[in-house]
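The structures considered in this document are given below.
Next come two complexes, and both contain chain A; in the first it sits with chain B, in the second with chain C.
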Partner chain A sequence: MLADASIAVTTRSTPPPPPRRRFRGGGGLRGHEGAAGWLFITPMVVILLVFLVIPIFMALWVSLTSWNGSVNPFSGGPGAEFVGVKNYTALFAQDGLTRSNFMQSISNTFWYVLFVVPLQTVLALGLALLVSNKLLKAKGFFRTTFYFPSVTSSIAISTVFLFLFSNSGAVNAFLKLFGIDGPQWFSDSRGLVHLLFNAVGVDNPAWGAHDILGRSLWDWLSGPSVAMCVIIILVVWTTSGTFMLMFIAALQDVPVDVEEAAALDGTSGWQQLRYVTVPMIKPAIFLVLTLGLIGTWQVFDQIYVMGKGAPSGTTLSPAYLSYQQSFGNFKYGSGAAMAFVVFLIIVVLTRMQRYVLTDKDERRSFRSIFQLGRRKGASS
Partner chain B sequence: MTSRVSPIRQVLLYAALALFSVLFLYPFIVEVVTSFKTDSDAVNHPLSVIPNPFSMATWQAIFGAGSSSLPFPTWIKNSVLVAGVVTVARVFLDSLAGYALSRLRFKGRGFVFAAVLAVMSVPGVALLVPKFLMVNYLGIFDTYTAMILPLVVDAAGVFIMKQFFDSVPISIEEAARMDGASIFRTFWSVVLPMAKPALITLTILSFQGSWNEFTHFLVVTRGTPEHQTLVTGLASLTSGQLGSGTQYPLKLGAALLTTIPVAVLFFALQRYFIRGANDGGVKG
Partner chain C sequence: MTRRSVRGTAMVGMATAGTLALGACGGGGFSSSAPTQNASKGPVKLSVMIGSSGAAETASVKAATSAWASKTGSTVEVIAASDLNQQLGQAFASTSPPDVFYTDASKIGTYAKAGNLLAYGDQVKDTGFIDSLVTAFTYDKKFYCAPKDVSTLALEINTDLWAKAGLTDADIPKDWAGLETIAKKLTSGNVTGLVLGNDINRSGAFMKQAGGWVDSPEGAFTATSPGALQGLQEVQKMMKAGSLKFNTDTSPATGWGGEAFGKGIAAMTMEGNWIAGGMKDFPNIKYKVVELPAGPAGKGTLLFTNCWGIAAKSPNQAAAVDLVKSLITTDQQMSFAKAFGVMPSTVAGSKAFAAAYPDSAAFVAGASYGQGPVNLAGVDDVMAKFNSQLATLGKGGDPSAMLAELQKNGAAAVGG
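And now, the complex of A and B:
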């Protein structure tokens, strides 16, 4: 085949051959393209259909059954009865273990997303600004260092963090140097917000008993558990490198004269960042936020390695719960239903982001914001 | 920027970068160092970056006929096999499809491309049960076929290749076609050699993706060593399914072994990685 390549190249470099077989007209140059086109995409179409599109519809069906894994899922007989939307209502409307686990996983992940997305965005932007600094030498070294965690296996990194945050690990040993007794990270189920409340003397107050979807308001407000905080730190640490690269690319597109003009006007570094740089890289910020939202709602690998939901279910995520319900408890219908709910959450969040993004492209001015406000007001 | 550079700002800049560099590198240093420690040294001196005593026990357990009964050779073999086959197949099939979607005119092209974009936006978490269902239905559960076949095409890779071909001028191919080369011949001998940068990026993304793959293997295999890769094996070791106790040096050694191939590739071909990250960003 290499020989073929060289032949093709030499053919091109020689003077044009006499016009013997010129493909023209109906059966000519474009004529074979229809068949070839389909031939070229057939492997892709087959694989994506068989292992992605059709399975999703199979799983949609299974989510409407009580399939337990032992019989043909499409038989409709015992072990695979059609149960309608029962698996979905069990997640929202029915008191029970399934709902309380699912709502706990939603609550955990909500807090997780609320911490991870802003932190990774700010850290990524900060690193990008540092690395893009014109005064800096050895840019490449720092960029490589910060990006490296992003390309390594999430399982391997989680293993390292399990050791770092273990009771006898480096983090607690480091804290001890300053006389601080670190927590038992992976067995500490106390929520951060609860700890804050406790610090001001509030613990499980009467107003917190209010029930929302089978979970008390106080429990919803717990904040991420100490164990979840380790996963938050880990994920922020691994993902910010990728997002840093996106910010670096965006910062390169900021015209130098705009920055110089701002500097001549005597703006401080902070003002320049706030009023010049950030507005100019807004598309990149929205992109990072969107990708962050999509990624964080799916957290799975780190949960699997770092405790599988322990302690007290405070690190359960819907993705992991869906896996556990299917492959651990053999309730595939329920597990599939959970996965589709997460899917829906991600789609809705992405749509909301996209809505904001397209708005951005209209070159936002005070007037368009005003119009947006009116439009929203009119539609409600 | 003003013409005068304040030395204090310069010092602060480097101090901040040094601090972050330590934070980003330290876990990897711990990973390397601890794999040469003894179990008790790892637990008693977690901050020390010098193994005392220096121990090769972990690496003997992994590569030699040591005391460990862990099936590292099988894991390594599976990882190399699966990542190798997936990478080669994926690069070829993705570029075939990307080329067709970019260059060849055929009925339904617009629809297929729209479908690829739609498929790309399906979050992986929604695919765990679906993949298991299909693999089960086809009777290939717990086989290499189930591990490899679903991964040989990825929509994002097709998208990257299509974008690349869109950016390349068409004139050279047309010259080849005028000379009477077939469509496949033109693709293979003229187009692919020109697409080298994109192919390298795609190779890296495919290898990194399949080497680090976890959830797919988790749901299409039984989890016995026979079909475990380094990553799924490490996950079962770390999450305590193999009853291995703490044994941090062994676990971190295994983690390091899992990290090395991608790390080597990364340091050798950084600029392509960085390009891949930004291409991936466009898709979102």
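And now, the complex of A and C:
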């Protein structure tokens, strides 16, 4: 009896290997399902290929040329000469207006991302927790209200914010109620971090004069300008609704007995949030952070409506700069190069963020995160 | 390599191969040689793309082109673009851009350098255009296109505030000193004497009055010329005296000088012909228009103008030139002026305009000594950078540093 039980235990502990039929070619029911699957997704694949993937490769080619928008960019003749990586080196190594504008836009957008992504994630999570609270009545109404800004046109909201934050608009009138003289929101180009430094008496110090890629260290540390802060407020307000929905879905997936067990163990609300809920919705947090990173590095609509880089270029973003370089100056190669540099930045940041968020047990070496398709049990 | 990455690599390889194959057979996608001209003299189909200021302009252009169309038996399609620059940019990359389109003087260099424009100026040069307009549309010594209209800057004065300050017609400023004095007199309380737009398209008038400008007709940048600096220093001097503000610095901040003028927080402003349309929102303001005061080097103002550009890729160039010739006659330009208020581009036309609209005499006079915008190729970002720095002039910006940077960036953009 004991021997039988031990055999039963051993056989049960190693599950049988999965059937290896998948890669033996179509045969039987499984094979037809494969073909049918491919048939169904072929229209979408074709559309994505023709309108997304192939234009991206075309743009990559254009970024290696100096195309002027008039002739065939694949001809290599006058108006589309192949210049290799010259467009890229002009962005990093060559002293000039292109580099200084590009570096300023990277600096602006870096601060913008640094402020927007954490703020919108935390706000979205907070709203999701509020709305998922069992004791809250009229959940549907609150969900709609919080989600509403995400579905309105970004151009319309930007225009309204132009009025709200104008020198004598609603925001400054509201601040006046508290006796605060609001700043000239859209013409103030002082950076927030600079203002903090000034408050402790530091202004343009000697250690800030180091030149990094054409911009002084002091300029890199300027923080978002006051005008950029308006855009930050706008974007956090509009996008937290979308991410709130994702968090609500993730929170609903957390099994109720886990929460009950945590309550039984005597955790406070904050401890439960920090040690139980948040680890359980990690995939959703990763999704929100990634989407947030991608979306914020590509900010364009709000910049176009609310100043096109003014004041003093402190609201420039690489996407807007790429548009200006391409459609204003007809230097499509330079514009495409900017777009690909931003793409690389986004990829690197997403990978780094993925590394930080994976469990320590599953985490491989730092180098392995840059290799494709090697992670065990990963779902990317 | 794992199965997934093999498949991934295969997909990437297929996509690359597909791209190159498509590029190689890109016969219908892009064109690389000049199109063969439509040899037949029969009726053709032309397309005209305009950046319209409103329904009145679109309607009058449609009427004018259909008059030509019925005369010649061709058809003309008028497209009112919602974003002319972007739509033209896309159109130039295709095989069939519109045959005729509005071209702003500031875009001539960029379009011409990329080979998008047909230089047909020598076919229309005897029409009697105003000289300054011919200069505005000349790039690389070629006169590219026929100017279709012109607007100039002049000084608008709020007559009520003028009378309240005790000023009369004798006080209308004729030079910078006079301007400084009356602007100071008109500044009181929340009202600023003179409110300008915050970019080179207004402050540049002062540069011109001091005898300098950002570029030369030969296509070189001259931003560090003494006249340019003197002009900006005059603007800053009046700002320090409190009698001049940019529209972004007024309280409440306004979108343009005309809005400050209309709201009564500016006693004077410097705007062009379009002020008439803008003032319809503020019917209580009574104003008169006078010429800008002269500077140390004489009178100077800025002019803004568009021309009828013809696409180099158009297969109907002869018909397009014929259409343009019918649109620049004095009668046609006067009917455009009546419909949407722009001034004709020919000497004969402006005489007719001055006779029909005596209130706009100051605008008409400005056309002869006006300076067109910078029309060099690929300087969009250079001018944008300069404008964003110029906006800080009232907050302690340094004009000579701004002009030095403009010179450096401009010379690099034109030379490289």
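Descriptive notes on the structure:
The rule is short, and it goes like this: the second predicted complex is superposed on the first by the 287 of 380 C-alpha atoms of A that agree within 3 Å, B and C clash if a C-alpha of one lies under 4 Å from a C-alpha of the other, contacts with A are read in each partner's own complex, and residues count from 1 in each chain.
In the analysis below, a residue touches a chain if its C-beta (ideal position, glycine included) is under 8 Å from a C-beta of that chain, and two chains touch if they have at least 3 such contacts.
This structure is a prediction, so every number in the text was calculated from the model and none was measured.
Of the two partner chains placed by the overlay, chain B and chain C both lie in contact with A:327.
Chain A is touched at more residues by one of its partners, and among chain B and chain C that partner is B. In the overlay built on the shared chain, the residue A:286 is in contact with neither chain B nor chain C.
Of the two partner chains, chain B and chain C are each touched by A:73. Contact with both chain B and chain C is seen for A:58 once the two complexes are overlaid on the shared chain. When the two complexes are overlaid on their common chain A, residue A:168 makes contact with chain B and with chain C alike. When the two complexes are overlaid on their common chain A, residue A:34 makes contact with chain B while staying clear of chain C.
In the superposition on chain A, A:189 makes contact with chain C only, while chain B stays out of contact range. When both complexes are overlaid on chain A, the residue A:308 reaches chain B and chain C alike.
Within the superposed three-chain model, A:160 lies in touch with chain B and out of touch with chain C [touch as defined at top].
Overlap of the chain B and chain C interfaces on chain A comprises residues 23, 53-54, 58, 73, 166, 168-169, 308, 326-327. Within the complex, the chain A residues that touch chain C are 23, 49, 53-54, 57-58, 61, 68-75, 77, 79, 96-98, 101, 166-169, 184, 186-187, 189, 308-313, 321, 324-331, 372-374. By the touch criterion stated above, chain B contacts chain A in their complex at residues 1-2, 5, 9-10, 13, 16-17, 20-21, 23-28, 30-31, 34, 42-44, 46-47, 93-94, 96-97, 99-101, 104-109, 112, 115-116, 119, 121-134, 137, 149-150, 152-153, 155, 158, 172, 174-185, 187-190, 193, 208, 211-212, 214-215, 218-219, 231-232, 234-235, 238-239, 246, 248, 251-252, 254-256, 258-259, 262-263, 266-267, 270, 273-274, 277-278, 280-281, 284.
On chain C, the positions that touch chain A within their shared complex are 2-5, 8, 15-16, 18-19, 22-24, 26, 29-32, 85-86, 89, 92-93, 110-111, 113-116, 248-253, 377-382, 384-385, 387-389, 391-392, 409, 412-413. Those residues of chain A whose C-beta lies close enough to touch chain B in the complex are 1, 4-5, 7-8, 11-12, 17, 21-23, 29-30, 32-38, 40-41, 43-45, 47-48, 50-56, 58-59, 62, 73, 127, 130-131, 133-136, 140, 142-164, 166, 168-170, 173-174, 237, 241-242, 245-246, 249, 259-260, 263, 287, 290-291, 294, 297-298, 300-301, 304-305, 308, 318-319, 322-323, 326-327, 332, 335-336, 339-340, 342-343, 346, 350.
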